[in-house]
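Every chain is named by a letter (A, B, C and D) in the order it is written, and numbering of its residues begins at 1.
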Amino acid sequence: MGFNIEQIRKDFPILQQQVYNKPLIYLDNGATTHKPQVVIDTLRTIYEKQNSSIHRAIHYLSEQMTSRYESARETVRSFINAASIREIIFTSGATGSINAVAFSFGEKYVAAGDEILISEMEHHSNIVPWQMMCERKGAQLKVIPFDEKGELQLDQLDELLSHKTRIVALTHASNSLGTINPVKEVIRRAHEREIPVLLDGAQMVQHGAVDVRELDCDFYVFSSHKIFGPTGSGVLYGKEALLEEMPPYQGGGDMVDQVSFEGTTYNTLPFKFEAGTSHYTGAIGLAAALDYIRSVGIEEIGRYEQELIRYTREKLEGIEQLKIYGESEKRISVFSFLLDNIHTYDAGMILDKMGIAVRTGTHCTQPVMDHFGISGTIRASLVFYNTMEEVDRLVEGIRTTIQMLS
Amino acid sequence: MTDFNEIQQDIVEEFSVFEDWLDRYNYLIELGNDLPGIDPQYRTNEYLINGCQSKVWLHADLVDGRLQFKADSDAIIVKGIVALLVKLMNNRTPAEILENELFFIDGIGLRQNLSPTRSNGLLAMVKKMRLYAMAYQAKEQKAKNHE
Amino acid sequence: MGFNIEQIRKDFPILQQQVYNKPLIYLDNGATTHKPQVVIDTLRTIYEKQNSSIHRAIHYLSEQMTSRYESARETVRSFINAASIREIIFTSGATGSINAVAFSFGEKYVAAGDEILISEMEHHSNIVPWQMMCERKGAQLKVIPFDEKGELQLDQLDELLSHKTRIVALTHASNSLGTINPVKEVIRRAHEREIPVLLDGAQMVQHGAVDVRELDCDFYVFSSHKIFGPTGSGVLYGKEALLEEMPPYQGGGDMVDQVSFEGTTYNTLPFKFEAGTSHYTGAIGLAAALDYIRSVGIEEIGRYEQELIRYTREKLEGIEQLKIYGESEKRISVFSFLLDNIHTYDAGMILDKMGIAVRTGTHCTQPVMDHFGISGTIRASLVFYNTMEEVDRLVEGIRTTIQMLS
Amino acid sequence: MTDFNEIQQDIVEEFSVFEDWLDRYNYLIELGNDLPGIDPQYRTNEYLINGCQSKVWLHADLVDGRLQFKADSDAIIVKGIVALLVKLMNNRTPAEILENELFFIDGIGLRQNLSPTRSNGLLAMVKKMRLYAMAYQAKEQKAKNHE
């Protein structure tokens, strides 16, 4: 059918909303994305007609729900082209996924004196779990710096990768700089030393095709709510051989085989890592979102977003008092910027009153702000339901803001 | 011996007379009760296929190039389905078992009993039957190659 | 308005469903409960009109969502009568809550040689996290046994509580035996020795008023999906002084104050324990469910359920070939039983075909099954939307089952 | 000196002429620009009230039984609201500050700026102003008791 932006916008009911009697211009998609009607309806239909706990039970509703949950797993597997559904673990979100790996991988493979390598542009969710694990294990956190354009300084990578490095955890795309990292290159060089790599795909999966086998990453994580799915759900992909070796993260129902006070044995993959009643509506809603994306076409989305990026960049660069942070050419449709002598909070407040939702602050990447010696930025993050007209309105809004505040 | 798919067709027809679910189950229970239990020597962990809620035991021999299955379950409805499977698969050559699709389970509305999420060990049993067939086929092949 | 069962059943759309052309009789509420229309509508309205990530952002939608999330916290606080919203942490569910405490309390207070006391009737979710923690810390798990009626053997408690005991983790009500435990007595005796107590309220909150201050428990956990709320959400209540001392469980966005590679400081309570984008729709949906319960009246619900319990028990006991497991007088509306010489799986399958959803198996309480030397039971678990007529249908169903299988 | 609530009423009326949000903000910006910054000696961590996204500095003296507030913010809109608060609170006795309810914030539609979830430090500033009033009141009381 081709990429029809008008139809797409109709698929997302919230885009028809007004705030302060002005049409909502939602440019905070880096924080969370909105949901197409099909996702909302999926949730409603489950709760109105089909709801039941999954696994273990044998009655009709439970059977149906279980098979939908497991086919949601297959949908995710095929979306990122994992080798097996045993490699797809449903979690509470990207943060939950990273914490699971940091704990479980840490228990198995990390000892005092070891090193964990992350980058300077990581989201707090890909920093703090590693810090906590390092502290517990007596390991050390190493950091790949980025340059003034917001690109990783890969020339330092070989030096940073040592025989003590146990894992590299890197964001696929930065939520504050917009940079898409050269992850294949990093993975190649890490693998040369037999070091596994976790990719934080929270800001990538919604923008372009991800193929975990082609990337050859060892772990890949993302959140449902950032890819048009329900809140409270996320994915941890891990290579089967690694997941097989790793101890479980949480204990509880469903992740066990035999339980006795003398000792407990664990279930097989992927269930070993899914303790307790799973958030099955979240997983099934996520699958509905992924199906929706496929129906629009992930290639088409990518192409349209490239246009959006070009247009937005050109327009923003046309504002003299505006400075962009993060100038990588390989990028997602996320722009961080500052206005001369204007506090981000003031700008955010004024844009808000024009119906324009942007985010201001550190975007949970405080080290990125420290790098530039600033306390925050204004961030406009777009997805495929945003339009050139919305970018025009943003630019107008910025000009008004500058006028009001200078 | 009756054709593999003919038997499946027969089973489907047999079941089609039952309008009610409970009648189908009554019939399965009958079949289950009629199936002789497996010899105690095979009712051990070695031959156990563990479903989460019911157990299936399975053993197979090759006699004159044909597989002889012995199977049992602790749940009678599962045993009824086991009986159907044994009826269908018994006395077949490995090739017959490996070539043919199982459609009768679907045809009698018991597909859910074979879903991967079902906790009754039947799916694992079907897989195991095919594994036996494969193993014996490989063995025969090897024997032939040595002739 | 009084307790109007017909109106109540209309509030739950799924109760109007048919399975196999027969009216659904849903008696698997111990696994998960259904949702009143108001909860379903709350979720839909959020996603269609209000959706936005919470905290940190200053735009309109985010403000609104944040304040609804925080008022959901207040709703939970008041529902269990906690002293402060700082004591209410939103988690992924009861299992998530227990894992958080087992990890975080363990890191702070448990060392080699210490002991953790649980009971023989715990759900796997209140066993395995402690086993995992004990293994990590070199601590030992001790177990309060129950007697043939399914009641805790409190005469053994003082012996089991030692100067090495660091925490007691106990289910408020058993999901397989139905027993409501004498938790106040256990708490009193544990507190005499200054040992804190965690109560697993997953099977209690939906059945009667819970007042954490009156109970004086140190932690209380439950799941949203078992109390008519959305999946993927749950609550951890903890006394402020304890939570204050405990290290965070997961790292990520929102739970931090300042992040740098040299060191990270954490946010205040309750945020310290809420890492990453929270499942805000789950929390707000849970609050809608709690409001609904209040509107029906938690006292009225309790009274009605007592009648249901009396009626169900009498009817089940009238079946000669049926044996009930768990005969405590103080009980929730959960009944485990076996039929003479009948496999639970067979019974479950046949009941299912009559439209009756019960659970069969171990109910994630394998030690309870081991206690009786059985491999599982049939469990009928009722809540306030179930009726005496449904109990009659269950009993009929059981009789048919017996007839078919004997 | 004008009554506490009269001033609040005045502020609300002043704002009521603005139909558009942006006009209100323009006015706040003006107020913010007109408010003299705090002395550098007070623009330190000791006097800082940290919002997540904007900072507020606050200091108070008691002169002749009345509070003298000095306040500032790095964000100009916040500073505008700070100016309104200072205008209202300045030169008041501790009792006046503690007795009266703040309603103007609500009245001019800025309540969200004072919500506990707002990241601008304003709520903390209001609390701090009251704390100052309480502290000075206690001090005065103590002094009286010693007379």
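Rule of thumb we're sticking to: a residue touches a chain if its C-beta (ideal position, glycine included) is under 8 Å from a C-beta of that chain, and two chains touch if they have at least 3 such contacts.
Here the structure is a predicted model, which means the values were calculated and not measured.
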item: Given chain A and chain C, the chains that contact each of them; value: B, D
item: Between the pairs A-D and C-D, the one where more C-beta pairs touch; value: A-D
item: Inter-chain centre distance, chain A versus chain D - centres from mean C-alpha coordinates, in Å; value: 40
item: Chain B-chain D separation of Cα centroids, rounded to whole Å; value: 81
item: Intercentroid distance (Cα basis), chain B paired with chain A, Å; value: 46
item: Where chain A touches two or more other chains, by residue; value: 20, 56, 58, 345, 348-349, 360-361
item: Residues of chain D engaged with two or more neighbouring chains; value: 52-53, 119-120
item: Which pairs of chains touch, using the document's own definition; value: A-B, A-C, A-D, B-C, C-D
item: For the chain C and chain D complex, residues of the former touching the latter; value: 54-56, 58, 63, 66-67, 70
item: Residue ranges of chain A in contact with chain C within the complex; value: 13-14, 17, 19-20, 24, 26, 28, 31-32, 34-35, 39-40, 43-44, 47-53, 56-62, 92-96, 98-99, 102, 107, 123-125, 127-132, 136, 141, 143, 223, 225, 230-233, 247-248, 250-256, 258-261, 263-264, 275-282, 345, 348-349, 351-352, 356-361, 364, 366-367, 370
item: Chain A-touching residues of chain B, taken from the complex the two chains share; value: 52-53, 112, 115-120
item: Residue ranges of chain C in contact with chain B within the complex; value: 20, 343-346, 348-350, 353-354, 360-361, 376, 400, 404-405
item: In the complex, chain D residues that touch chain A; value: 21-22, 25-26, 29, 52-54, 74-78, 119-120
